[in-house]
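Here's a structure for you.
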């Protein structure tokens, strides 16, 4: 039952063509799908303020280009993550203004004009240069979600002075996303320095006992600094959405 | 080098007893520990606004009581987590106003008067009654961190109507902590319904292939709803601190 | 919005106190919880025809007895699984007709009169005597679900003639539940002998590389006989419910 | 001893050429292989009503084509699963009526005429589009097994309204196969909505902590909805056979 | 169909009461269970020449004593493994000649007279004193299986001279069972010194990364000495049976 | 100290050039390497009666060909395992009589004349055709070790009659090597049928929860049939050497 | 052949009772055990300069006391690790001067007089108070090994200033043992601050995803600071021995 | 605040332009980054005496060549590890004196003149030829760190005489790095023979249950020889740095 049919039913009641009791029966047995969920969902999309995202992995070039075109037409923007070079080139060929980041494997077509970022600066910290693909994915995703992004790179715990030297930057961030592979210790250090939300992203960087990110994941989950939260291995996009959930919700008016 | 010694050094330069060049050498090789870090740390404690917490596991009754007394004297408050019945009874015997929650295994001595909670309501959702110990730990911790707490219990995904019936409550929360064991699917459902921050806490509830919380942990990390974050298994306290990090930081004034 | 409020709204439309358009707005934004889900749920419970089940693990004796009494009053029946001796004795003390199976750790109060089992015989096969606790839990659960139960015990694959000697019994079953620990090979053998549904239940029986049921679980999932299905380790109750899902649904009338 | 030799032995007894005692000795020591097992097996094949299936993985193109031709000659039908593009093209080249599904990686030569499906509709639900390869394998396998197939796609739990909107379809199915990767939560939701058999198929979709389907597998095994059963990761074919085991067995005539 | 019924059928054919064709039908459809498998099994037991064994774990004292008494009556001997002190004391109380080994957790009632061991000496090597429980279980089991047993203890690889000093003993053994925990390296060393069969038994001795025997198990499976074989963790009994399989089979007469 | 130097020392003692006491000191402090271990090792090689084996994996074509040529010159024979097609072709090009088995990935140059196999027939059983690579490696290795080899293929437990039909062959074998992937249940069945040594080889065949052979490995280690032994995943060569250890050692003359 | 027999043989050669050639034969076939290895081993013990150590776990009180008494008589000293309270009390009852550390679970009877420690200070750093048991075991073990010990406690990475404040102490140590549980990040930080040897000891402290020390172990193995080494989980004794290996070997005189 | 700014501040105090009190305030609130950490870090590099190292994995050829050129200019030396053939060829093309080891995958440009190695011989032991890549990486890294390197190869525990024959070499080493795959038992044997530091490097050599180095890693961590330390799987470079930490630190002058 879409809006039209529901309106009709109520009109029928108003007009006496249907008794309240009959209408009640119809409403009670309404399959849930008849409720205008699509709109509700649409509302949620509006609230979150971000264009739909194309997870390009396991998709063909044709599929990716097709979805992107549909999104570009509807929203004037799209974001593709985990794009191969071939997918990316096809997307850029079709959308001249799309920006391809080969390291972060993203292709982003920003809306025109791109809205002013809001919600406070999100600081994306990468422990090492090998963590850049994930950090870049997080950064582009955060931008596409309308957030203001700051960056800090190569500040791993084996040279503490590097992160300590940037303590001011850490304190000014609304949310900090810390991307680290190997032993994944950087979020623990950052979490001990600031009281703001810290989202840890383990990466699959490292070999041997890193076990494709397992070491970093477990390390972050068991971090001795309290109140860190963790997302899936290599999930820069997820971290950005988590940051958006924090930044975009209006603080309560107490 | 503490403040006094640093002051002396500078006075010596001012007085000509030490040349700038000699002072430079001394400062360059200053061990870092001479900087007044303790104060900085103190500031951080003040900023986070919460009393120190006693993790009672693996501590003797005497140790727990001793630490609690010191905290009670200093702050007029303390929170003990993972307390055994024996530890709890000793704490309550020593501090008549301390509140023991045998399910959540917490003992909390609130400050008097207890400050007004602030930062927006934190909603703590427990999938099943078996998840109550962790949910209670989160709730008491959140209260001790000065947060306003709402509760929702026994709303697992095998009976969807239970969580759907509370959608209003979900939408009103500033942060949602979802506590679930077994397959840990509830955060994914909640994350799809709201756009606010969702912190997922896997519990060790379940048997067999639940593998002491591993199933729930992996399920939450790979949730198809974007932007969820996860803390350690059974870590209700950590989830509360994560919520406090989100709620207590003033939103940027853009 | 419960039935009464919905009825009122429709009456208001019929009476002209509310315009169809206003009613539409109210219905569109109806929180889902206002729909009479409880009844739907109730319908589901009726359809599945089984009393509610008490998972006794991690519950206090008082909690277990309390829930059981409520169920006994409402349904004249209850089933408790994973009951300790202490819980069981308290249940039997409170409900003289309740039957305690110390091996299967179940306490079952059958309805009086107990309905005739239906849906075809469910054959519960236990590879070894050590698998009896799980097989018994499955058997009592199946009985409580209104199913007819046959049993076969100690027919592991290291003595093939034992299971081959019972091939007739295997062929006559509507559903076969195969309970096995250690290497969990029995379901594969049974699945190769019959074409009916086979539900495999790995048990935590075995030591060392059995890894608390992991060996049996993986063995059953990778069984070379096609079309076996698997439930959680030691989950005799779950297997019984799965059997009931198969037996109680009326076959389509084609 | 095949049928002929057994017949001869009995004739010898009847004719007095062999004493009953000698015949007894021969029968007692008969190697089991002398019994006409092949026929019994043949009966089983007939009972299950499905053509033999070629698991193409790890086979050469020549092997696959050779087996398929033999099956096509014998049965006028074959089903190849996990076929590479190269294998598939060779099969289609050799059998013009064979149907290749590049997503599901199946090649199916249906019998001519294809028999009317029976046993009730099997509903195959895929959580996301990435789960389509496994869902398609299940669908084609179910069709080859003579089952009637319905489909539902992209109804993951992060947007609950999508599955709720199809509740009617869920209720009408004889068996539901739910294919899901990542956290694998969809079967739990579906299992809570219906009382019919639900077969969960974890897929290797997802990255990081999905650990190639482990997260979904554990999630499904520990699902809080009772009575779900699970097959191996990515095993769409196995799920279809499990569904056939349920649908093809005549319900008992009570 | 037992021997009697089969004999009757053949007599009926001989007497003309049954035609060969009718007898054929009966034999063809004989359920396999009608064949006198029990005897065949009995033959196998005789061939292996060992009394039945009681795995005491998870059994009550009553069950253990009951089974043992039945075996003692039938065979004049029994072997109980993994016996608790309580079980052992009850067995010894009931059978004065039974021998309890509290370290190996076995209770053995030898036949009277105990037969002469045969099949060549089996050498049981324990890496450390902590491996003695498993080595003892293997030794008593081997004795009960009629094997001649030699022992060597505390010859771990961290002091190579200890095992090298016993090279003569190693060369004289028919089969060597090597019991080792922690890194499980001893079998690799022994396997490099001798050309006879080496059966490696990982034990759960060790802590931390020993992971209850996993380290030793993996180490033995990947040993660089060729031709070692491995049994389950802590499975001294299984190693003894494997040795008996090697020693008791007559070498071929080529 | 090689033989010559040791002879010289003793001659010096005999000639009075060295006192026994001085000689004792020299011998006591002899570095162990001075003992003629190489010969002892040579003896061992002779005892085991097999040519050296080239594990080709991770070696260059040049290395493989070089080692093979050296072995061919020394022994007139060699065995290469895990050979790539490229390596194999180079070996056959250099040694015209070498035999390449592309399925088992072995290249074997038999000695001329090839000695009569001895030690009793080794039966190599492969559960499915996908297990043939490992079974073939075992077969060629056993042949190169001088053993007589019998084969049995595609007799998995899902069609029990296939293995039961070959019971005679099973009973006649001196040693049985059972190669199986997926759930690895076949060794348990075979071990229950015979009393001779059974060596189980798990293969990496299977997908999903087979976890590259882990399921089969754990299944074999926990098999309910007693006295099975297990080698590494896919280690056909190791199983053959284990069989040779059993067959080549003269049975004790008791 | 012990020293006496070897001396006799040489005397026989000197006396002409044995020819050099015969003696050669005897020596060539000497089982290795005839060499006076025990002494060599004794030398090694002397070189390492530490009393033998009793690993008390899994030993009875009687066994522990017995071994300790033998060691006390021989060396005037002993060290027991992993002692239960019961074992410790028995040891102290028997040896009045023995020192029991209930936290580190060690009982140490120092030699009288206790030698001056040497080899440079070993700094034992514990991340948290929960790591004290392992740190204490390391400290007492190091003392028993004759090393000079410094301590630093509760300097985890979540409060960086604590470890930075002690940089001087870090720089002065000859070897640093870093004991840490949970995410095990402290060694990485320490390793980045100093250039001396750092031995990391993961502890089983932490819950949930700490998985009994696995998280810390993997974290330390994959630490981004180069040149850290790791010992087994909770292995304080092993870390002390590793430190002794570093400190006690004379630096080469280049 | 770099050196210049700090000097200026002190000069201002000396000149009376700034009071000591104001300078104190500035120094107290100095963000830590203002301290001349780079120099301190530089000091550490100098102390460790090794050129910076390029971890080539996951870097493009351009990146690798660029970093190498910068290092060559600054230090006249560089070391690249884990270099692909393409990266290596580009490096050698750009730096004619660079030495490429295709087995160890290193490219090393030594300083000219190369300094005399010091700190005592580091002995690098490889269990098998398959372990050479990791052993070579360790050797080249040790050379680049200024250490004297000895080598020993193919001395695995399955032929003990090989390692025993080199006992002298083992005793002369300052530090021993033992590289081994499969069961990783060699370090345990070596650790039992010497009292000097032993660093164990597990390699990913082996198949099946070697699980990419896990078996060797666990074996080394649980080695029965005390005081071994372990680095990450395949981490030859890390082992070399650990050796340098031991060798380069001056022994204390007690």
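We just call them A, B, C, D, E, F, G and H in the order they show up, numbering each chain from 1.
Just so it is clear, a residue touches a chain if its C-beta (ideal position, glycine included) is under 8 Å from a C-beta of that chain, and two chains touch if they have at least 3 such contacts.
As the structure is a prediction and not an experimental result, all values here were calculated from the model.
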| item | value |
| --- | --- |
| Given chain A and chain E, the chains that contact each of them | C, D, G, H |
| Interface copy of A-H among B-H, F-H or C-F, judged by whether over half of the contact pairs recur | F-H |
| Centroid distance [mean C-alpha coordinates] between chain H and chain E, Å | 50 |
| Whole-Å gap between the CA centroids of chain G and chain H | 25 |
| Length of the line joining the C-alpha centres of chain D and chain H, rounded to whole Å | 55 |
| Per-residue multi-chain contacts in chain B, two or more chains | 32, 35, 159, 164, 208-210, 217, 221-222, 226, 232-233 |
| Each pair of chains that touches, named by its two labels | A-B, A-C, A-D, A-G, A-H, B-C, B-D, B-G, B-H, C-D, C-E, C-F, D-E, D-F, E-F, E-G, E-H, F-G, F-H, G-H |
| Of chain C, residues touching chain B in the complex | 31-33, 35, 37-38, 40-41, 55, 57-58, 202, 204, 212-213, 217, 232-235 |
| Interfacial residue positions of chain D with respect to chain E in the complex | 3, 6-7, 10-11, 13-14, 16, 19-21, 23-24, 27-28, 32, 35-36 |
| Residues of chain A touching chain B in the complex | 44, 47-48, 118-121, 174, 193, 195-199, 217, 221-222, 226-233, 237-238, 240-246, 248-252, 254 |
| Partner chain H, residues of chain E touching it in the complex | 127-128, 156-160, 164, 182-185, 188-189, 191-193, 206, 208-211, 214-226 |
| Complex contact set, residues of chain G against chain B | 130, 159, 161-162, 164-168, 205, 207-210 |
